[in-house]
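Each of the two complexes below includes chain A, the first together with chain B, the second together with chain C.
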Partner chain A sequence: MPKPTDTSKILKHYEHEFQRLYGNSNGSLTILRRTAMDKFLTTGLPTPKQEDWRSTNLNSIMQAYPVASPKAELTYFDDLDFEYISNLPRIVFVNGYYTAELSDLSNLPEQMRVNSLTYLLKTDPEKLTRRLKQYPSDDVSVFTSLNTALFNSGTWIEIPDNLPESFTLQLINITKPTAEQQSYQLRNFIDIGENSQFNLIEQNIGLGTETYFNNIVTDLRAGRNATIKYTRIQNEAETGNHISSTLITQAADSQVESMVVSLGGQLIRNDLEFKLEGAGATGNLNGLYLARGNQLIDNHTVIDHTHPECSSNELYKGILDDDSHAVFNGKIIVQPDAQKTDARQINRNLLLSEKARVNTNPQLEIYADDVKCAHGSTIGQLDSDALFYLRSRGITARVAQTLMIEGFAKEVLETIADETTRALITNMVNDWFVNGNNGDDS
Partner chain B sequence: MSDIDIIHQAADQKYKYGFTTDIEQDVIPPGLNEDVVRLISSKKNEPEFLLNWRLKAYRHWLTMKEPDWAKVNYPPIDYNAISYYAAPKKKKELKSLDEVDPKLLETYDKLGIPIHEQKMLAGVAVDAIFDSVSIATTFKDELKKHGVIFMPISEAVREHPNLIKKYLGSVVPYTDNYFATLNSAVFSDGSFVYIPKGVRCPLELSTYFRINASQTGQFERTLIVADEGSYVSYLEGCTAPMRDENQLHAAVVELVALKDANIKYSTVQNWYPGDENGKGGIYNFVTKRGLCMENAKISWTQVETGSAITWKYPSCILKGDNSVGEFYSVALTNNYQQADTGSKMIHIGKNTKSTIISNGISARYGQNVYRGLVQINKGAENARNYSQCDSILIGDKCGAHTFPYLDVRNPSAQVEHEASTSSISEDQLFYCRQRGISTEDAVSMIVHGFCKNVFQKLPMEFAVEAQKLLEVSLEGSVG
Partner chain C sequence: MIEIKDLHVSVEEKEILKGINLAIKPGELHALMGLNGSGKSTLSNIIAGRDGYTVTKGSVTWNGQDLLELSPEQRACEGIFMSFQYPVVIPGVNNMYFLKAALNAQRKYNGDEELDAMDFLTLIKEKIKEVKLDESFLHRAVNDGFSGGEKKRNEILQMITLEPRLAILDETDSGLDIDALKIVAEGVNNFRNADRGFLVITHYQRILNYMEPDRIHIMIDGRIVKSGGRNLAQKIEEQGYAWLEEPVTV
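== the complex of A and B ==
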């Protein structure tokens, strides 16, 4: 456990970083950053005494991580080993720096705007200030405050209204630190116009052996009747720490489907909040987390039904091996006006080893009466009868196990409608299975 | 809409058991300090060890903070404005019911506990508690024949000090939580039950509680020890008179089920819930916990319809291999009632099993929370848990919330949790009404059906009362 003195040292460190990066500027954005920094300093780092962090051991980020500034550090990219879908446009960042050599933005629709935040910070900080002001400033996680104070890279995506056909973009963040203990503060703003369809495949890939800390905040807004598929693959390095907060705000009749796959990293914490702010909006949340070694994967989701006739459906599944620990905390809130809400949530966990541990807290908070809400949660192991059945047919224990684990994961993978995306993720999941206990180098 | 009219009309139904009995009482002035603790102890002629235990609890309580994590709202409690002891002044030993103050007997009659008819009542021995001191205990002889000890805990302290020393605080230690610690310091009275080895208790044991003197917090302490291979079924039920001021009730119930023992603990809780504007009502902050040794079983059944605020999590520590814990609950919140209730199942032994069935009903402005923990420890091989928490919402101003915590550290465990929340569907109502059943009866039927799986677990005598109680409480909410 970090002692209180350690925490104050860390706070001081980030204040120092703030002074180093923005101490000399005084624009409206800096004022906003200063407010966020003050909030971070007064709130302090989370402790297990706080309900949202009670099962999450944050020791590995309770250190002074210098904030990396995005710059062209690498000139040779051939050893950057990562998978992507080759025929789809992609924007690639290496350590927060937009890397044209790896990106392919040739087929973007004309009306669509994709920028790196580093560029916008230089050219149009006012735009960012305006956008940030729309972000709820109260009740955000302390890491979001830290991010608002310090972010210096990320992506800006703007999709116009009435885009004639569905469009897919890959957003790839590669982290390969060039120094020990770097932290990367990334921010993504994604605005999708009315009636448009958009697929985003985001990958966070960690390479190398240095310890690092990614703090990523994403703000996605779906316009009226927009259809969005947001796939997020987290494959950090074994030494990587990843804290992400994602807020998805949906206008009336919009449909958003998120898919969060967590494979790598040392400490992973994903906060995902859906705000259904218009009648008839639909939010679907799917997730798969695979953990081994001494990984900690923590998924906190909140679905806030504020308007009538919205529906949400959530399915999160986890497979845990070795000493790993998973936390699932899913909250469904139905506000007094949100009549005719239909909300469903399921969390299932498969424990493969003696030492693996799961904390799951599905929660319902319901203030409207004409609703249908249900949640379910299970924790179990492989069914020995089914294993025996397979083995009696001459299948080895190992293969039988793998078959059953794959079957367990398949339910989530099948929710991915797009075949190429599904193939990409299935490949990664299979790699995870094959790696077994022999280490899982990315 | 006519349905709404029925709801509102019926919602004005008054609390049926609202009356008080004027009996002179021995009350110590409000306030809490070490002297008050000493005074309570000396008034009860307690041995040294118990006084010391109370004092340790009191000193520990001073270092604690009132918990605020529960989803309930109430104005801060001034613990120095409460009187911690009240006993009817007339205190001579009673040999027969004729000696009991007729006014008291009248009270029991109003409550439907005809003490003078109890011997004829099928096998129920009642240790009736009027405020804090036990007045009459029946069926003692018959229990004595089987070696069963069933007496007020204040007597047990003097007559069976070794049992009390051994088991008091063994399941709920005096350091446990704010309200349990307060209870340990100032507990007034309660019941003590000991079932000897291999004995099946011949009667259903029952205690009726009743808060009577205004401004008197009631701090009951119940301790039930079932020795190896024994069985006991214990019923607890309560009604309280109508009062405007909030009254604090912080009880502690400890159950010890030794090897192969079986304890069935049933509660019908009907403290005064406050009026239709949320004024008054009892604060019911209760700590209930049972310890199961090898092959033992503890089953909690509760029907919670009363209290302005309920804060209660009957729990089982499944320490012994093959032990079983069960929790069946119906919680109803009407008007401005708030309930934060549920169960904890801590699996420590191998092959331990637990079941949680919780039904919540919220009406008008009622807020109903299920909060529970299922914890499977590392050594708990093949543990099994099944939890089901369903809620019904009646009216658009009420709330139903579910906060289950599942913490699993053993892969052989099988843990399932399911919860659902819905209103009574229009289709269901339409179907009933189409067959000539009034809305009022239809809602009542549907709710009864919803609670059936819990009522079935209650002993027969209680099931009838619980049904009645729910009907009365429902009349105030749905029609």
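== the complex of A and C ==
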């Protein structure tokens, strides 16, 4: 792990990067970026004294990471090994660069727009300025400010109202740095129109052995009565750091279900906030995190109920081996007007080694009186009675353990309604189990 | 087939089995009765290989080899099966998948060809009829949400699928209604043959009426204090254990 540096040097570094990239421009977007940069500089990098960062060791990103500019460094013949669903449209980025050879956008519904931000930054920066001004989301995290100041890549997705049938898109971000210690500042804007159904499967895949830092901000807005499934797979390289800040804003009667699967990377920190901003909205948050070695996977979720008769249902499960560390922080806010809220939250953790640890912390802030709110969290080990039961039928200890661990994960995997998506993720999870099963047969 | 000699077992310094002698030959069905806490389940667990116990003295031999040396899975593959007094729930593990994994693990160990999914399905559909469980139980997680009686029938399903040479039934009759009791007893009776041995642990004479045991043993405080024929169960049913409280033999 890199040695921690004086944070003022890091702030200076990013200011320097800002000057390098945007110092000579003065468009309205640059003005907006400048404001975000100033906010980043005054707020500073998180410290363990801040409640939301208390248990999160950020050493591996406390370094001066140069910001990579999207360019054609690698193409399909560079042995980019990744899985995807072959018969579904996909937009593929390699190191932030939209790679047409790997993408397939031939069957998009009419009026649906999918653009790379690099393209929009060149052709229509005003559009981005308008969007950023209309929905400022800088309160999510200081890394959002950094991202607003520096983002140079990402995706713009616009789904029209009343799409006649559900549509699925794969968004694949591959990181395979061609230089040491690169940072990638990606931004995604996703707007889904009224009454439309949309499935997004996002994969963040890290390859290679260089250290890198992905700072990804996603702003998703669900129109009235829209139905959205947002699956996110984080399979970063062992040397990868991944900070994501995601804001999901829901209009009335919309239904959004997120599924965040984290199984790679040195450091993963996900800030995921759901804002239920119209009556009758439903937000479901599911997550599965698998960590080993000295990985840190940190999920901070916030569900903000602002309107009446909304419901949220959250299920996060984690499996931790070796020296790994997980953090789950689940905040549920029920604002005074959000009567008849139904909010549920469960976090379960399975520790496979003595040294693995987890901090789980539910936070309820309830300001309305007519609400149903339930939460629970557990940290446990494999049940020795169950292990003996399986072994007493002839199944070896190792296979029995694998069966039980898979059984533990299954509850979350079963929340994925779409079979193809579930199969894709189940495969990755099984690979994770197999890779870790090099130990002895005891 | 199995021979237990002067077996002493402790848990955390406390002696629970205090010199057990018991031998079961192929084809025999032995019943084991006795007060709560006398050590019946401990004896089954020792045979099945559960850890947490210390054998301080004595031996258990299985067809001439030292059984206590083997892992639980090896014992299962060697043909030992225990129906649990309290079958364990295994969340998220599909019952059919579990049964197939178990059967194939045993077949592999014994050098037999593993069954593919189709063949296994055919087999298990036959077997589950015998215990009169609905096929839907195959698709649920192991014992998850099963009623007490359903769990016991699931144990019997495992027994007749895995075809052990020695089956230990630890209170498989407890908590069963009269129909379920008949199903379990029939399951066992159909399964009896000249090569198989049984150790049936029970508190009730009722199940023994269906099973015709060769021998009945009474355990009190870690010892088998009396062994005899079928009428012993009858006497226990009528008079309880008080007349046996004084250990007569060691």
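Note that the second predicted complex is superposed on the first by the 425 of 442 C-alpha atoms of A that agree within 3 Å, B and C clash if a C-alpha of one lies under 4 Å from a C-alpha of the other, contacts with A are read in each partner's own complex, and residues count from 1 in each chain.
As a working rule, a residue touches a chain if its C-beta (ideal position, glycine included) is under 8 Å from a C-beta of that chain, and two chains touch if they have at least 3 such contacts.
Worth saying up front: this structure is predicted, and the values here are computed from it rather than measured.
Asks: Should chain B and chain C be called a clash or a fit once both complexes are overlaid on chain A?
Replies: fit
Asks: Is A:L390 contacted by the first partner chain B, the second partner chain C, both or neither?
Replies: Only chain C; A:L390 stays clear of chain B.
Asks: Would you check which partner chain A:V371 touches, where first means chain B only, second means chain C only, and both and neither mean what they say?
Replies: A:V371: touches chain B, not chain C.
Asks: Between chain B and chain C, whom does A:I379 touch in the aligned arrangement: first, second, both, or neither?
Replies: Only chain B is touched by A:I379; chain C is not.
Asks: Looking at the overlay, does A:N162 come into contact with chain B only (first), chain C only (second), both, or neither?
Replies: Neither: A:N162 stays clear of chain B and chain C.
Asks: Just chain B (first), just chain C (second), both, or neither: which does A:N427 touch?
Replies: A:N427 contacts neither chain B nor chain C.
Asks: When the shared chain A is used to line up the two structures, what angle, as a multiple of 10 degrees, is there at the CA centre of chain A toward chain B and chain C?
Replies: 70
Asks: Kindly classify A:T178 by the partners it touches after superposition: chain B alone (first), chain C alone (second), both, or neither?
Replies: neither
Asks: So, does A:S353 touch the first partner chain B, the second partner chain C, both, or neither?
Replies: The first partner, chain B, only.
Asks: After lining up the shared chain so the two structures overlap, which partner does A:N107 touch, if you call chain B first and chain C second: first, second, both or neither?
Replies: neither
Asks: Does chain C touch more residues of chain A than chain B does, or is it the other way round?
Replies: Touched residues of chain A are more numerous for B.
Asks: How far apart, in Å, are the nearest Cα atoms of chain B and chain C after the overlay?
Replies: 14 Å.
Asks: Report the residues of chain A in contact with chain C in the complex, numbered from low to high.
Replies: By the definition above, chain A touches chain C via 383, 385-386, 388-397, 399, 403-404, 406-411.
Asks: For chain A, which residues are in contact with chain B within the complex?
Replies: 51, 55, 336, 339, 349, 351-381
Asks: Flag every residue of chain B that touches chain A in the complex, lowest number first.
Replies: Counting only chain B, the residues touching chain A are 69, 376, 378, 391, 393-423.
Asks: Help me check something: in the complex, which residues belonging to chain C touch chain A?
Replies: 48-51, 71-73, 75-77, 81-82, 84, 87-93, 97-98, 101-103, 105-106, 109, 141-142, 158, 162
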